[in-house]
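Just dropping this structure here.
Chain IDs A, B and C follow the sequence of writing; residue 1 opens each chain.
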Amino acid sequence: MLTVEALTSGYGQGQVLHEAAMELPPGKAVAVLGRNGVGKTTFVHTLMGLVKPWSGSIRLGDDELAGLDTRQIARHGVRIVPQGRRVYRSLTVEETLAISSGPGEWTIERVYELFPSLAARRGHRGDQLSGGEQEMLAIGRALLGNPRLLLLDEPSEGLAPLVVEELGRALSSLEGMSIILVEQNLHLAVAVADEVRCMVKGSFVYQATTAEFRRDPAAAKEYLGVGS
Amino acid sequence: MSLLVTAFDGIAFGCLLFVLAVGLTMIFGLLDVLNLAHGALYMAGGYLAFLVIGEVPTSLAVFIGVALLAVVAGLVLGGGLSVAIRPLTRRGHLDQALLTMGLAILLSEFLLQVADRGFHSLAAPRGLDGSIAGSYPAYRVAVIVAGLAIAGATFWIFERTRAGALVRAAVDDPEMLAASGVNVRRIRLSVVLAGCALATLAGVLGGPLLNLRAGLDTEVLVLALIVIVVGGLASIRGAALGALLIGQVQTLGVALVPELAAYLLFAVMAAVLLWRPAGLFGRAT
Amino acid sequence: MRHAVLALLVLSVSACGGAATQSAADDSTIKVGAIVSQTGVYSALGDDMETAMKLYLEGHGNKLGGKQAELIVADDAGNPETGQQKAKQLTLENKVDVITGLIASPVAVAVAKEAGAQKTPVVIANAGADALGGPGVFRVSYTNYMHGYAAGKYAVEAYGKEGAVLMGADYSAGTETLKGFEDGYTKAGGAKPIKQILTPFGKTQNFQPYLSQIPSEAKFLYTFYAGGEAITFAKNFKQFGYDSKIKLLTCQNITDEDVLQAIGADAEGITSVGLYSPALDNPENAAFVSMWKAKTGKNPSVVALQSWDAMQLIDKAAAAGGSLSDALAKVGEIKSPRGTFTLDADKHNPVQNWYARTYEGGVNKVVATIPPDPAS
């Protein structure tokens, strides 16, 4: 499905990704874990074309994405739910979903079914929503593009535990969608993801199924600095 | 009574200022380019009308036809402008200011060469060239009607249509819009074209109010800049309120405190900026 | 080979030097430097000025005072610093015998200073600042004060002895003209004007708020506006219905040729006081108007007339011979299309008739002649 090989990129002179390589099996959700500043966000930004790759390859099915601009990558069926949500602050929920909607199985009504609290606020502007509602809107915006590959960057950041739980349920229900999930909240990550990759200094150094990762506290301690 | 006439006249000026300034503020909001050629575009509309119909009154139909012609010219000039500024999209405001200022000089000098350097004025179309009750020019009422219609249409498109939502999204977060597969460049082009067409249209609309002459471009540019700074950059509401406010300052304000007439405009701008640094409807950034 | 190059170089240098000294010493040509506004806000007036000067030369076999004339035109862009620099260039590099032109007063002041330093005489063809004039500086146009003064004198008999309101642009030409009006009006027996309304210069797009300040007891309004503001004023006055509320007398600029077409029908019936009208009945004017019309298709403007007379003054002075500066002061009567005038002995400003003119059917018709005050 997605094959990333020897991907390098960065900002200005500063290299962040060092020959990052990973494979995402079709229809699976993979959690990308790692300490702060190892390059997780840069990785998904590079996949989306928001950061230009310096070298390496990003293949989605038969399509090479490295070198394309963000819009072209989006047209190949990649969508991102960015860190900090970045909803359109002057657009209402309804408007945001309307301009993001493309042909496919995802409809605005289906998004409202997934996030009923969003439906209740359809007439509100982006900057009038709570953090959780903004996150739902950002996810709904991405889903309406009927993505072949969905990138989620820190969806739980700054949200109350109850909201995170609701998010987790919603994301788990997306069974069968190819997802890359960058997440600090280990609990949410393992609840949603089928597999786990750990990143250190811009490279992937560890991969396992979620079940294997659960049984490997040493890995969590080494790569994430979590003592559980 | 005469103050009422003055205030009413302020609305006419405000309406003209809105049509002129709304494109400037939108182009700034979407492209982060302060188009200093906006005044020259206004001038181009006025001179185009002058070259086609001259200074004698024409029928309303001909006048409207010329206004539409100016819209077409605005679209063409807007196309040229967006080609010219494309290489500068990531450069600083100074580079863009220099470029658009250069374009403004080129365009206004070209117009003065084609016409002449003298003073000219468009006549109001027949039927609107008289005065109402002998004391208020009928054409200015028409300017108010046209201005309100254009403002209404702009608001409707911007606030109520999918195209308007796309433009607002492109102002809010162009990167995310591109990440949804939308061609942001095309949206930007549309806004530049529409903004430039409104500026040339304003030139025809304002032809019977403000004389055509050398230096007109700078004069209206300064007014438009004051309007959008007062109203808040990149805000259509701001442009509307700023235009109406400046219209009143230029008329009612001057009538009430004539001793300060020369400073009033800048005093109001300074006062607004002290009170709300981002303008009336601006976003603090 | 090297010698040949050197020789050529020496030859060419000496040839240049020779030519330079020859031209400076050459008494058979006269060089006139004209500083006009070819660009900037006064460029329309600048066009008329240049055209009139060239027309005069064409009509006089390209000669001034019997000498071959060379006209060098420089652009001041309406800017005093540019004007001064051009004056320096004309006097030092081009070695002109006289500088003329000069539309805006600030430019004229700067140029007169520069030319005075180089001992080159100046003939002002338009600038009206009261302070200009004196040794080496001659003026064939008018002073702002005299412009208003003549109108004030006329207003007493034609508009009555009280109820005057003055309105004008707030810069030197405006305030000097209004001051002249007040003096002319009160000296001729009029009461002190009841109100003076000044409007910001060059920034006023709409005169309605100012017109609304005219007190109801006012009997008539005298105004000074020029260029774009003249157009806006005339249109606003008519379109807001003030023509039916109050009598109007204006300076000559409001119905001058450069703005009449733009004002259109709203100019009809405006009475102004000016130093010229294309309708004046004298042979000089008939010839001038027909020549101008053949060239431009329009009536001559006041600036065109003044520029024509500037060349005429230089022509007469050059014919007298001797120092041009001295000769300019001694020209005496000039038979101008505006009527005969002289320059006063002290400040070299014109002593001339003024005319009350009413614009009707495309021309400023003369309705009264206002002679200069005796011995003023």
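For the reader, a short list of remarks on this structure follows.
Rule of thumb we're sticking to: a residue touches a chain if its C-beta (ideal position, glycine included) is under 8 Å from a C-beta of that chain, and two chains touch if they have at least 3 such contacts.
Predicted model, so just to flag it, every value in this text is computed and none were measured.
When every chain is reduced to the mean of its CA atoms, the largest separation from chain C belongs to A. Taking the mean of all protein Cα atoms as the centre, the chain whose own Cα mean lies nearest is B.
Separating the centre of chain B from that of chain C, both taken as means of CA atoms, is a distance of 36 Å. Between chain A and chain C, the centres computed from C-alpha atoms are 76 Å apart. If each chain is reduced to the centroid of its CA atoms, chain A and chain B end up 43 Å from each other. None of the residues of chain C touches two or more other chains.
Of all residues in chain B, those touching chain A in their complex are 162, 165-166, 168-169, 171-173, 175-184. Interface residues of chain B facing chain C in the complex, by the touch rule stated above, are 2-3, 5-6, 9, 13, 55-56, 112, 116-121, 123, 131, 133-137, 209-215, 219, 250-252, 254-255, 258, 261-262, 265. Residues of chain C that touch chain B in their complex: 39-41, 43-44, 46-47, 170, 197, 199-200, 203-206, 208-210, 212-213, 227-228, 231-232, 235, 239-241, 244, 258-259, 261-264.
Across the complex, chain A meets chain B through its residues 48, 50, 69-71, 73-75, 79-80, 82, 86, 88-91, 95-96, 98-100, 102, 126, 141-142, 145.
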